[in-house]
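In order of appearance the chains are A, B and C, and numbering begins at 1 in each one.
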Amino acid sequence: METFIHQIVAGIATGGVYASLALALVMIYQSTHHINFAQGEIAMFATYMAWTLINAGVSYWLAFVCTILLSFSLGVLIQRIIIRPVENAPVLNIVVVFIGLLVILNSIAGWIFTYTIKAFPSPFPKEPPFGLYFISSHELGSIGVTMVLLLLLYSFFKFTPLGLAMRAAAQNPDSSRLVGIRVGWMLALGWGLAAAIGSVAGMMIAPVVFLEPNMMSGILLYAFAAALVGGIDSPGGAVLGGFIVGILENILGAYVIGTELKLSVALVLIIVVLTIKPAGLFGKVIVSRV
Amino acid sequence: MSFNLLSSENSIPWIRIVLGLILACILPFFISNYSVFQASMVLSYAIALVGMNILIGYSGQISLGHGAFMAIGAYTSAILMDKMNIPYWMTIPVAAFICFVVGFLFGLPALRLEGHYLALATFALAVALPQLLKFKHLEFLTGGVQGIVIMKPDPPWETLFGLRLNSDRWLYFFTLAITLVMFIVGWNLMRGRVGRALIAIRDQPIAAASMGINTPMYKSLAFGVSAMFTGVAGALSAILVAFVAPDSFTVFLSITLLVGMVIGGVTSLPGALYGALFIQFIPNIADQISKAAPWAIYGSMLILFMYTMPTGIAGALRLLGEKFRPTRS
Amino acid sequence: MSRMLLEVKDLFAGYGATEVLHGLSMQIEEGSITTLLGANGAGKTTTLRALCKMIKVRGRIMFDGQAIEGKATEDIVRLGVAHVPDGRGTFGSLSAEENLKLGSYTRKDKHEVALDQEKMYSYFPRLKDRRNQQAGTLSGGEQQMLAIARALMLRPRLLLLDEPSFGLAPLIVREIFDIMQTINRTDKVTILLVEQNAAMALDLANYAYLLETGKLVLSGLSKDLKQDEAVRRSYLGH
């Protein structure tokens, strides 16, 4: 029973990471109808930036904030410089550019930081919180950070004019221009936010999976599955999907399949969702244009 | 001058082909054994890229997971040779058949997905596969993390027209023959009814369906055929390298194939050769700078080509050729 | 001598390879209501889109003395041009009030914006009742009102309206046209109205232009056009 609760809790903790990444994916999908295949590598690269800062002597939380700001800028730059020229190109071309971005980020990280696995510190104590047996401090802290992040994002989009403008630009770019919104910059902002979210996800998961250039590919797969389960154009769905997938992964891994086929589980989940209910739990039905 | 179905002249440049073949046959006797091996790898990659062409160029479907079919072909070959002592040349048709079936079956649900979603599903396939190959309950078959080592086959004759035939040279000719067969098969398929149907489906799916083309069938067929080509390439590469292991078939292999296709050109047979040359030799050159360098180059090339040369080198050459040739009526 | 708020000279515009407007020239007097009439396909919607640079144009467009043919839509809007497009262009998944807030997105004067929002609710009480409802679930008439209210939240100098009467019951159309008259008189908003309902448009407007296959064939005071033989037969039905 103890382990069961721990599996659930651990699932919620990783689920928070998946939820954040899935949210980043949905944000970009909603505004551009592109799937950001490079989302994982951006998060990985951001985590390396944090690692560099921490190794240079910067305190954890200061490095945390700086990394978020740096990632935001990176996201904006990537959208303006690399993505914008192919915004209206055929789907294949766009997918190729995203893969190119994935590959470049992966290789630059490998070049600068080498492929040796590194440890990434957790800001939370090693001892379990309040003497509880089913949750570690890092898991609790990770859940907390994720919750704060999601809450901040929700408030931003719901209550601020800029958040409203971004939602409008994602929904209806033409009408948005007619109220004076600079749609191009809204897209860049969306990318910046997605990159920032990714950096938080990376920094929360790195202490668990260790830092190396290929650390995010499996996690990204789970984030894809989560986004699809929730509905690729539903932010709330993506978040819920993340937690569902996190818990599912841990339960299946502990009791059904073993931990060695986790990626296949994600693959099957993705294919099943796409085949049976492509819109996910909360998304709109995908209508193919005639 | 191209084999491109889209060009108005479907003339086959016989002279160039014959010259090319003669060169190809003489080549192995003038270069080192390792270079012969590399040339064979280029040919096998070219077959894989023709497979990608059929799927992406003609059928308009995206795959980021064709490395998985190379893996299936390679492992089929390795398992047949290692566990059942089947001769290497017999494993090729078996691998082709198995990959065709798997591809066709994957195509059935996949056909409902468009663009990004298909890319996502095939990406997931590519990412998940190595873990599956390492799975300990399948180790008896796949050799687990260590993979399978194969015996390199001996040439059937000692000499050919007085020239010495060693293993590498013999396998080169074997690969060359298979490459020719696959190219001819690909050429005929794309020139005929299948190719035209695929292009119709790619460009005007609703119209194609209303014209009576069984769209789901053709799309799954395209996936199956393209998987078959890639599987043959995988089987060949297993024999050439004499070794298969899960980490040879990561998502980066699928990305490598994508690079080859983008660089070479998405709807042309010569493009498959250009692309194959690129993906075989760039790592060799760039490796010396850094382990990560080839990938930095791949990534930059992918992006640059999308900006400047979306039809690849073959497409660019074709455009250049049209500019400098006087227009025929 | 009234000044011209909008001056258009030799405007060519179209979609891709198809040219729809073939050298349009017109002037809109500040403070007036002008209507642009014409049959389906004459190019009326294209004209409004061209003025907002939603499509590529060739020619000269001057707004308040400034050339705007080289500017982007969002910059033209910030100069004080509000466009209520055909199809209304409401943000369906957002609430009615959020739609209004978007109308005033570019304004910095928070206090005035709040006052304007109340003014909109007084013009369109139905919207106030439904302020938190999803815009896509409002009726056709309510969405049209919302679209106009959103445009007015900009405090525009020029309001472009594309077929506001389309698909609406006559009573609602009457309401909307009354409000247009109010905002023109009270809030001094210049209006360019594209309409199929020629009779009502000519009653409301001071000036009228008649567009046929991308060219202006008639222009002048609306009361004169109302008497014109050709106009009466083709567009007024008598």
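By definition in this document, a residue touches a chain if its C-beta (ideal position, glycine included) is under 8 Å from a C-beta of that chain, and two chains touch if they have at least 3 such contacts.
Computed from a prediction, not measured in an experiment: that's the story for all the values here.
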item: Chain at the geometric heart of the assembly (C-alpha centres); value: A
item: Most widely separated chain from chain A, with each centre as the mean of CA atoms; value: C
item: Interface ranked first by C-beta contact pairs; value: A-B
item: CA centroid of chain A to CA centroid of chain C, Å; value: 43
item: Chain centre separation (chain A, chain B; CA means) in Å; value: 33
item: Chain B and chain C: spacing of chain centres that average the CA atoms, whole Å; value: 57
item: Where chain A touches two or more other chains, by residue; value: none
item: Shared interface positions of chain B, touching two or more other chains; value: none
item: Residues of chain C whose C-beta touches two or more other chains; value: none
item: Partner chain B, residues of chain A touching it in the complex; value: 33-35, 37, 82, 85-86, 89, 91-93, 95-97, 99-108, 110-111, 115, 217-218, 220-221, 224-225, 228, 260-264, 266-267, 270-271, 274-275, 278, 288, 290
item: Sites on chain A touched by chain C in the complex; value: 161, 164-165, 167-168, 171-172, 174-183
item: In the complex, chain C residues that touch chain A; value: 52, 54, 72-74, 77-78, 82-83, 85, 89-94, 98, 101-103, 105-106, 150, 154
item: Contact footprint of chain A on chain B as seen in their complex; value: 56, 60, 62, 64, 109, 112-117, 119-121, 123-125, 127-128, 131-132, 134-136, 206, 251-252, 255, 258, 262, 266, 290-296, 298-303, 305-307, 310
